[in-house]
Amino acid sequence: MSFNTFGKIFRFTTWGESHGPAIGCIIDGCPPNIAISEKDIQKDMDRRRPGQSKFTTQRKESDKVIILSGVFEGKTTGTPISIIIYNEDKKSRDYESIKNKFRPGHADYTYFKKYGIRDFRGGGRQSARETASRVAAGAVAKIVLKKIIGAKFNIVGAVTQLGLMSCNKNNWKNSEIRKNPFFCPDKQSVKLWEKYLMAVRKAGSSCGAIIELRASGVPVGLGAPIYSKLDTDIAASLMSINAVKGVNIGSGMNAAFLSGEENSDEIRKKSGKIKFKTNHAGGILGGISSGQDIVASFAVKPTSSILTSRETIDKKGKNTKISVRGRHDPCVGIRAVPIGEAMISCVILDHLLMHRAQCS
Amino acid sequence: MSFNTFGKIFRFTTWGESHGPAIGCIIDGCPPNIAISEKDIQKDMDRRRPGQSKFTTQRKESDKVIILSGVFEGKTTGTPISIIIYNEDKKSRDYESIKNKFRPGHADYTYFKKYGIRDFRGGGRQSARETASRVAAGAVAKIVLKKIIGAKFNIVGAVTQLGLMSCNKNNWKNSEIRKNPFFCPDKQSVKLWEKYLMAVRKAGSSCGAIIELRASGVPVGLGAPIYSKLDTDIAASLMSINAVKGVNIGSGMNAAFLSGEENSDEIRKKSGKIKFKTNHAGGILGGISSGQDIVASFAVKPTSSILTSRETIDKKGKNTKISVRGRHDPCVGIRAVPIGEAMISCVILDHLLMHRAQCS
Amino acid sequence: MSFNTFGKIFRFTTWGESHGPAIGCIIDGCPPNIAISEKDIQKDMDRRRPGQSKFTTQRKESDKVIILSGVFEGKTTGTPISIIIYNEDKKSRDYESIKNKFRPGHADYTYFKKYGIRDFRGGGRQSARETASRVAAGAVAKIVLKKIIGAKFNIVGAVTQLGLMSCNKNNWKNSEIRKNPFFCPDKQSVKLWEKYLMAVRKAGSSCGAIIELRASGVPVGLGAPIYSKLDTDIAASLMSINAVKGVNIGSGMNAAFLSGEENSDEIRKKSGKIKFKTNHAGGILGGISSGQDIVASFAVKPTSSILTSRETIDKKGKNTKISVRGRHDPCVGIRAVPIGEAMISCVILDHLLMHRAQCS
Amino acid sequence: MSFNTFGKIFRFTTWGESHGPAIGCIIDGCPPNIAISEKDIQKDMDRRRPGQSKFTTQRKESDKVIILSGVFEGKTTGTPISIIIYNEDKKSRDYESIKNKFRPGHADYTYFKKYGIRDFRGGGRQSARETASRVAAGAVAKIVLKKIIGAKFNIVGAVTQLGLMSCNKNNWKNSEIRKNPFFCPDKQSVKLWEKYLMAVRKAGSSCGAIIELRASGVPVGLGAPIYSKLDTDIAASLMSINAVKGVNIGSGMNAAFLSGEENSDEIRKKSGKIKFKTNHAGGILGGISSGQDIVASFAVKPTSSILTSRETIDKKGKNTKISVRGRHDPCVGIRAVPIGEAMISCVILDHLLMHRAQCS
């Protein structure tokens, strides 16, 4: 049982609050002798970092990672890797407005009811700031996976739905994703999305998003029946991200609408290689990877903090109203791409290690 | 780490194959002094039992549960409850046709690749027969929850989408669900669904389904940040069920399409009670129950075994074809209702016990 | 968290009470494709089996193991192995005398206080009968270890102290151990021990014992800092056995009396092989195996059920007396040898699999 | 599975190396709303701190604890408590002498063989410096236990054997323990011990020690069959401490030498209270606390680093010699008292929370 730990063999534990002195994570079970540096991890951190476009929160954080243990002379030693990220933009704000009120859509009410105490500064532990630690852990996982599996292993994520705006997945280009602030894989959608999100922001409103993750080069055989299925753990990993409300593997919820014939992913051997004709299964059969691309997607709900006044209650149970002042974050889903990539990387590595344990 | 165990404090471990002598589960961590009997568990078993209508598999199993330990003079003792269910309908069939072929959509290929060996009789461990053990564990969880929380606690599940056929959720009646073989909550849809599924069956095809679960009376405060969120564990529990490809909490994937205003679930105090104006969150905020109904849904893919011939390969990697003979199961999703209820019951009880540990 | 489960990757869960219909265990995480049979397991069961000499309990049990799952065509499939052992000698005895009294030295009082209910028949779950399940799990572990490590791997256990009687460990012969009912490794001590234990039995008394375990052929590198040390897990595994009160690794408690020079286990390379000049460490340094023999010992307290009347209280808290009638078991420690061997085998296999996960 | 995490509900994860920038721990599962401060923790830290007498290592560390998360306005919030301790005395020493040699009795050889890499600076992760993190976690556990159980709860540890010198346990005074640098509970032994240890130090040698722990006020009913016994977890917790080779519960290894009559701990009710006439069981029956004092002891081997030259091999497998220069630590066991207290406190709290989960 582990409230703040994720994983089975490759495990990470995160700690820290939005406006405490620092946040961080401990990575345990990392294989030894893997070259790793703060610089390597920083690359991924920078993709999640706030304040990089007008469409995300304006909190200023350099998110600089510092490795405190587990790496010696540039290589992992097999002992716990402690990573710390100091909070820089934690200046004393006017928390009076939210200190005694429960923001709708946030976990203010439930935290208070559960623990009888809550750190209200910026959401405390419920803040998405915690996800920075995940990205650090995921960066380590990706480096290890590349070392073990080789260059053919790749993880990519993109926003495929921005509120009411979809994109054309047939135009998906990995290279495009990093070129726009929306992590949109379809060049033609970018301008439309920009207009749309500007309108949402100006209206003081917010919108949700769907993120799709694709992992290629994953060996066949990762995952395990019955309660350590690869898709079970992917679902858990993604649902654990703040504001996520739905997770699909392959065709996901749409599988309900397919016929048995459509959904069957027939298998062929062609020029010595095993190929599936389709990938409705998202690369996972019976909880075990099939060697196809692993495809998972998840939905992020619209930002709960909006400029429009909302009805709520205060700590004493009195009816009141609340609204966010100043600038807000019109779509938290955008920044979920590197987080999703991090989580699925950790799950895949974890299952790779588990597979070595039982079946090597 | 536990391949075949589910849960943290209230834990169950399942074992057994489709055509072995028996299947079963061990429930560990059950509170003591709870009145429980085989008869109580049997009620739930009978709802999942095969062969009860022309729309489900014709395998004949009485699914009789036998308690081998952990209950003394009609009450739980706090020690492991071992439940066994003998397989009755395991007559030697012609497995030659599937012994050396990998059925598309099934886990034949991945099990073989992972382990280098597989029990091909009826799918062995990958068979949905395993879910009978889950239903037994879930029945115990429900009894314990009723004892601890009281009569106001209730779990109900229903099929809300049968392939291409939806139902009108405004007509949802709990009492209706048990009256039809589809677990449909909307009386008016039953006849249409019957026609539809008959047609699917006659075509030798199959269809998927969406199941919705509703848990009422769940106390506020269950769940825990960050990696033991209630929704994380519900997602994992449902994704672990055979053939499930998508999981939603509350608005789920549709949350992506909502505006911040629509999604915010405003809070009101009315006549001394805290009420949320909507429930897009599905009763869970920041991974912790809010006291609202917990609402989760999941999609089951269409039955992979269909009468139409499908392309595949054999154990030696040669291209071949495969099709199911005789009767088949046009929609495996139907029988997933009691399984989903069982899983969510186990998750809720587990979190209730965890909450007592940390916060009582 | 797992009340009745032992292990991390190779895990077993035991269930069942002394006088219930059966006991058993589920082994999860066992590597696939290992040849295993009920007959193989039975050999170890027979060494622990009661009623084999006048010095152990006269309960009549054939302890026949039945494998219900996880083995297909004679080989493990990588899925849970369910083993059941039916209780045969559970005839209705006169429990009235102990039903309402707490036997000193037994867990009657603590079970009742903890759970508010207890299965008093033969001690219920606290009975040493549970250890039969451990021996079954250990037998599987040993077979897997022999398969992975090869013939050089060996586990042997012996009683080195029987109450006040010691033996000469310089005379230790593995072949001798199975030839006498005391698991004594020193032929010259056997007759003295026999006389001694006869006297103890006739006096209606009982005595304790010390068991020493030696594992040879264990590869260097098993174990892990800090809380998964090999010696930590061995200590836990042995202390979990009924009536065990002390555990030593290598020199154990006596290490306190050694000087730094004596204790240092100097290292030499001789004819291409690394040798330690002594083995005070018991083959474990910093929680990791060194390639030397792993040596652990544990003390079993004297049988609590004796013919002499003892003072105690009853369920209502009234002072009373209790004594065992009929034959009794003068030294429960004797039968602990195969149990200790089983536990250490499971720990070593578990660590071998963990090592493969992180370091292969 | 968790290499560097201890506990089930109240869990702590430690990280850091002897000569890295810092060490620390994350405490997860701590109950909320408990008043806690760095000052409270510091008290325990100061008892373990090196350099406080001529009999312990002269490394200079203030061991100042800093709380980075999980405490808000002086109270625990139920979220992870991150504690960091900066290493101050990590000046660049001449590690050349040990960089390529394996110190006998240390884990140099096994770490290198396991991971293929090791942080040789001061022993890296294998250093006893890690135990500072445990003391911090234990301090938190003690505060929580005092809050939940009340003032009657108390933990005390003492050195009862210093190499060849024993003390008279009949003279045990808790107040005496903190008055001498040996944690000796018997005033009359202090001077003799001082002479003895001075002689050991001057000879460049070292000696072992036995530490006894006593926990009073522990409620009846903590612990759980079969693999979560309280004594199992205490044994694991103590064996995980650096250099510990043996663990006793109550009479421990000496239980082997007792008769059934002597060992039986008869029960009496006197003036409304249940009393045991003796406490050979060390307060634990069947793995569950009986309400008596919990008594455990453990042996620490003599310091491996001594001034006398020892034979060993180097990284290339060549025979060589090694000896420590300058001052050394004649008995590492002395400083193990606060560590043992910390570990047993964590175990008792963990079981108290587990008991609330299942049985409240």
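In this document, chain identifiers A, B, C and D correspond to the written order of the chains, with residue numbering beginning at 1 in each.
Please note the rule applied: a contact is a pair of C-beta atoms (placed from the backbone, for glycine too) under 8 Å apart; a residue touches a chain by one contact, two chains touch by 3 or more.
From a predicted model like this one, the values you see are computed outputs, not experimental measurements.
> Moving only between chains that touch, what is the shortest number of steps from chain A to chain C?
Counted as steps through touching chains, the separation is 1.
> If you match contact pairs by residue number, which of C-D, B-D or A-D shares over half of them with A-C?
Duplicate interface of A-C: B-D.
> Measuring from the mean C-alpha position of chain A to the mean C-alpha position of chain B, what distance in angstrom results?
About 26 Å separates the centre of chain A from that of chain B.
> Roughly how far is chain B from chain C, centre to centre by C-alpha average, rounded to an integer in Å?
Between these chains, centre-to-centre, one finds 39 Å.
> Between chain B and chain D, what is the gap in Å from one C-alpha centre to the other?
Computed value for the inter-centroid distance: 46 Å.
> Which parts of chain C, given as residue numbers and ranges, touch two or more other chains?
In chain C, the residues touching two or more other chains are 1-5, 8-9, 14, 29, 32, 78-79, 114-116, 125, 224-225, 354, 358-359.
> Could you pull out which chain A residues touch chain B in their complex?
Against chain B, chain A makes touches at 1-6, 8-9, 14, 102, 104-107, 109-111, 113-116, 125-126, 130, 161, 163-164, 200, 205-210, 220-229, 231-236, 238-240, 242, 245-269, 274, 277, 280-282, 284-291, 299-306, 308, 310-313, 317-319, 333, 354-355, 358-359.
> For the complex, give me every residue of chain C touching chain B.
Touching chain B: residues 1-5, 8-9, 11, 13-17, 20-24, 26, 28-29, 32-33, 68-70, 72, 75-82, 84, 114-119, 124-125 of chain C.
> Under the touch definition given earlier, write down the residues of chain B that touch chain D in their complex.
Touch list, chain B to chain D: 1, 9, 29-32, 78-79, 224-225, 353-354, 356-360.
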